[in-house]
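Letters are used for the chains, namely A, B, C, D, E, F, G, H, I and J, taken in the order the chains are written, and counting of residues starts over at 1 for each.
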Amino acid sequence: MTKEDVTAMILSAKKQAGLKWEEIAEKIGMSPVWTHSACMGMNAMPRDKAEALVAVMGLPQEAASVLEESPTKVWEQAVPTDPCIYRLYEIVGVYGPTIKAIINEKFGEGIMSAIDFDMKITRVENPKGDRVKLEMSGKFLAYNNW
Amino acid sequence: MTKEDVTAMILSAKKQAGLKWEEIAEKIGMSPVWTHSACMGMNAMPRDKAEALVAVMGLPQEAASVLEESPTKVWEQAVPTDPCIYRLYEIVGVYGPTIKAIINEKFGEGIMSAIDFDMKITRVENPKGDRVKLEMSGKFLAYNNW
Amino acid sequence: MTKEDVTAMILSAKKQAGLKWEEIAEKIGMSPVWTHSACMGMNAMPRDKAEALVAVMGLPQEAASVLEESPTKVWEQAVPTDPCIYRLYEIVGVYGPTIKAIINEKFGEGIMSAIDFDMKITRVENPKGDRVKLEMSGKFLAYNNW
Amino acid sequence: MTKEDVTAMILSAKKQAGLKWEEIAEKIGMSPVWTHSACMGMNAMPRDKAEALVAVMGLPQEAASVLEESPTKVWEQAVPTDPCIYRLYEIVGVYGPTIKAIINEKFGEGIMSAIDFDMKITRVENPKGDRVKLEMSGKFLAYNNW
Amino acid sequence: MTKEDVTAMILSAKKQAGLKWEEIAEKIGMSPVWTHSACMGMNAMPRDKAEALVAVMGLPQEAASVLEESPTKVWEQAVPTDPCIYRLYEIVGVYGPTIKAIINEKFGEGIMSAIDFDMKITRVENPKGDRVKLEMSGKFLAYNNW
Amino acid sequence: MTKEDVTAMILSAKKQAGLKWEEIAEKIGMSPVWTHSACMGMNAMPRDKAEALVAVMGLPQEAASVLEESPTKVWEQAVPTDPCIYRLYEIVGVYGPTIKAIINEKFGEGIMSAIDFDMKITRVENPKGDRVKLEMSGKFLAYNNW
Amino acid sequence: MTKEDVTAMILSAKKQAGLKWEEIAEKIGMSPVWTHSACMGMNAMPRDKAEALVAVMGLPQEAASVLEESPTKVWEQAVPTDPCIYRLYEIVGVYGPTIKAIINEKFGEGIMSAIDFDMKITRVENPKGDRVKLEMSGKFLAYNNW
Amino acid sequence: MTKEDVTAMILSAKKQAGLKWEEIAEKIGMSPVWTHSACMGMNAMPRDKAEALVAVMGLPQEAASVLEESPTKVWEQAVPTDPCIYRLYEIVGVYGPTIKAIINEKFGEGIMSAIDFDMKITRVENPKGDRVKLEMSGKFLAYNNW
Amino acid sequence: MTKEDVTAMILSAKKQAGLKWEEIAEKIGMSPVWTHSACMGMNAMPRDKAEALVAVMGLPQEAASVLEESPTKVWEQAVPTDPCIYRLYEIVGVYGPTIKAIINEKFGEGIMSAIDFDMKITRVENPKGDRVKLEMSGKFLAYNNW
Amino acid sequence: MTKEDVTAMILSAKKQAGLKWEEIAEKIGMSPVWTHSACMGMNAMPRDKAEALVAVMGLPQEAASVLEESPTKVWEQAVPTDPCIYRLYEIVGVYGPTIKAIINEKFGEGIMSAIDFDMKITRVENPKGDRVKLEMSGKFLAYNNW
């Protein structure tokens, strides 16, 4: 049983049950972003969350140990083509140097961690058209001088 | 006089004056992210902001019309190498499909605009190490069916 | 049942029935371009159109929910090799900067949306050889200054 | 004197004279799209148009023969990064196979020429937001069977 | 039944019958180059030729309609590795700009069509070693000025 | 004095004298294709031809030895963008495997040389539109079995 | 039966029989390098050698005609990753321009053929560590001037 | 003074003196391949050889220390385009896996070093056309198991 | 039975037995890094170690000869995407020229071997957060001058 | 004054003074690896170290503020060609998945930081040939689950 197999089982069970990612996330006590990512096999689940998911979705017991396994994070398109994902890539291309400059000014030499990291997506109502709000937070890591 | 020339003048004047991007931004009544991006030549400035910047930084008058010009947004590295920018690229690679799925679930078929878009960067104090907070907001654009 | 499966069913039913895309499109009350694209799995169908298509083409009921699913839009050739598609790529390469300049002159800083977008293809008779006419229309999106 | 030199002269004279591409095009009796493209060095001008442009813009006489020269059409980004141009690339990626299918259905085996080709860009007023209209027309070329 | 299936059937029948491409071509009244290309699925056959081929090679009737279908012309190696094909690529790299210059001098601004195109390959005896002769002919297409 | 310098001198002298490549080629007793290619620095000239060219075009004497030097043949675009050159690339992509198959059938295992090679370009009148004729001839090279 | 099938049969028979490539090569009267390459499907075998191999390795009779077929020589990694093969690539990168210069000095304008070509690999004893000796020999091909 | 400067001086002095690489190599007591490579800046010269070269070619004294400097070996074309160098690349592509297999059979697990390496190029007379002989020799390096 | 098959068997047996790589390595008397690499099929095992592994993990006897076979070391991502592996790539990008400079200063012209090479990974306790320690050691190989 | 200018000044002063990187590093109280990297412009120096370096190397005062500036870390070769650096890339390709597996086993889900990182290079005497020892140490960063 591979991570791909478990992802397929989750998607199928989710469709069957008519659940949203937000609802699944709430049932296992985690955020929707992390829950989706772990279900897609891009993050490993700690044991208790893997078992909770198996229970919630009615997966076979073996799935829990697969969800705990360390994934190799692979994406095949260096430049993503799906418009929704490409726009994010474009933001990094256009604003990447700006984000770097502002971080350096606020924190000194270093980066925002993509490992000690979290993200939240919300819908913000707006009379001119609702907006997607992405909030990312990552620990500042200072470069070591040695 | 090109956009590169104006960027060089701004950087030099900024160093001379000991100003931070936040301070420059405040003086022209715009956000630090947008101000930096426009000064780097990645966004065009409306006339009044271009003139305000020229006044604040003591640039030659011709610089204002250059700041107003429409830039061609080019980045040369499809995959950025600077660690601070790469981490953002990595976030798109790892979480891109997740962001797409959550947006689709919350809004229906569509994307977050990278054009009707804004961003804010803040420093969040944290006893385990301060964190970088990126807040992005883009208008939801629904796919047209015709 | 995947989007690929449904595409194969549609192509087979279309051949069997001797229908053209224009005829299928008319039967479901949509345009030929959008209909073909959604049948190829590059756009999602709203429920009523998915059900209309299932009825028109005699597809199994499950196909409707698959047609409604959000597709991940992927193309594998960064530079397309098929001559008919390559010529379109070539037009973007040759005339892209011109289209950008004219849009900026007519509308100000911004872009033509590829999301709030529609297209029509017609055959124009011409004594020197008939011509393909492509009409594209996309909402102008102005860059946000913040 | 190279094509790049002449392009720079035209841009400078245009700024000086406060002319729009539409106005320049009208003065030489050609369309704005073709005029911009030829001024950028992506198309060659027939002698009379080259001389008309030299007269209109007040360029040195040598510029006319440079405008007549055959250009080598080169673009350096296989995938364009500027958002306005990228959206066109995206349209080719998403709708390319659809355009091909519809052309084949309407005309038989063949392509739309990118050489015997013209394009027009207009602003279409719309209460929900004005729209960019691109109209392209190319001669249908049938594949030869021999 | 796909184009790949039909190609495999043709190759197998050809081997069985001990036929050369030249002989097959002659039997259907077409050139060897076009015949091979259409059998490989890189060109569509008009109905009569598809039926002639099916008769000559003893293929199942369904193969005729597959041979008529419009192919998507795809090659996977941007730079071909097989030495026989690479040498052709090398000729384009070394002599491409020369061919362009000579065509422009002889015809004016335009290109040689690869669509209204034919090719012939012959063996030319030569005491220093026989030579491969490739004769290509394509319609001149003049750039449109509009 | 580099090959690029000599190419620039030749182009300038050619424009001054109002000569065509065919005329220059005739004056030095070589073909137009080879002459253009050697003038562009993509082939080396034997001493007598280099001296003839220097005399015909009125170049400085040092240019002769530069024309004799061995060039490093470099092209920067793996996939050429200029439409006139791209069409040749497309022909290799579409018909490369066919050319290989026909050569193998006519000659046995081997290739057409791109070194012991010549090419001729002619204009063929045709009531439906004149045609470009490319005739290439290369020595057949058989694979060695050892 | 494909070339891949025959390669698999040969490898299996070779393991079973405990034969080295040198021994197989000797049994069919050819060199080890050519024998290995033809068994891998990167060269075609003349009929007598194909039949000798079939006899020596106990392959089914059909394998002989497959070994005779013309291969399409494909390698998928433009830059090989296996260290043993990469070192050869590195030698071409570092010494390629040198080999070209020395060949031009010794022979005039031209190249070493990779078609009329042979290679031999030997182990040379050396007290500081045995050495691999590669001897390649290819016919000199002079550029044609026409 | 950079390595590029010194290379240019050597080439100029070589042309002036009418020397061949073989003659220069002999004068400094090294092989032609190594001498050319070091003169091109792809290898560092030990002090005595650098000084010998400076004396032989009449270079300024500072050139000796530049020739001693460690070069960064860079080639810009992952796949070389010059036909003479490409043929070597092709040999690696076609015969790389064969060379690896024969080395493994003769020596065990390991590679041929490209560092403890030498090469010799000779002209071999042959009535069917002279041949280029490349002899490479590299120390066998066994993989470490630890 | 391929190397991939054997890797899958090892992973399954390891999970079943609840063994760590360190424990497996110790049982066959080798280091964890080498053991993991050989089990993944990236290194060949000497006979005694292959047999020891087969015994320890309860693999079928045939697996031993597969573990002894010479692997072709292939990685598909020129730039790895998994964050843990990417950081190593980043270290090579940032510090590669530094490592080269320090090696050249300490040893003279040459490189660190990646063949006569070993590596050790340890966990170093640290009150500010434990650290990963990588110790690599490779034989210095001096460039040959000949 | 750019980082490139300062690097050139340091290299020149270093050559003049006959200093090694180890000696420079010792004079400013830092490690050789970090010192070289910062002098190359790949790391920023804290003020006191920048001033110490300026004093030690006799650089103009302005150089200190340039050494303090935040660098954009760029490398142009995704796959490095210099053999000394390539071997490091090869180690990442061959052993990257192994390092990941061992880190995950020893620490849990996470990575070795390339930011909170240090490195040391030493020469280890060895009768079979001295060895290069690279010791890298990076803080373990655990993935956040949220």
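Assume a contact is a pair of C-beta atoms (placed from the backbone, for glycine too) under 8 Å apart; a residue touches a chain by one contact, two chains touch by 3 or more.
These figures come from a predicted structure and were not determined experimentally.
Looking across A-J, A-C or A-B, the interface that copies A-I in more than half of its residue contact pairs is found at A-C. Centre-to-centre separation between chain A and chain F, using Cα means, comes to 55 Å. Per-chain Cα centroids separate chain F from chain G by 32 Å.
Chain D has residues 33, 72-73, 75, 78-79, 81-83, 90, 93-94, 97, 100-101, 104, 110-111, 113-117 in contact with two or more other chains. Every pair of chains in contact is given here: A-B, A-C, A-D, A-I, A-J, B-C, B-D, B-I, B-J, C-D, C-E, C-F, D-E, D-F, E-F, E-G, E-H, F-G, F-H, G-H, G-I, G-J, H-I, H-J, I-J. Residues of chain H that touch chain F in their complex: 15, 77, 79, 81-83. Listed in rising order, the residues of chain H touching chain I in the complex are 30-31, 33-34, 43-46, 49, 70, 72, 97, 100-101, 104, 109-111, 113, 115-118, 141-146.
Residues of chain E touching chain H in their complex: 79, 81, 83, 86, 90, 93-94.
Across the complex, chain H meets chain J through its residues 65, 72-75, 78, 114-115.
Residue ranges of chain J in contact with chain I, taken from their complex: 20-22, 32-33, 36-37, 40, 42, 73, 75, 78-80, 82-85, 87-107, 110-114, 116-117, 119, 121, 123-124, 126, 128-140.
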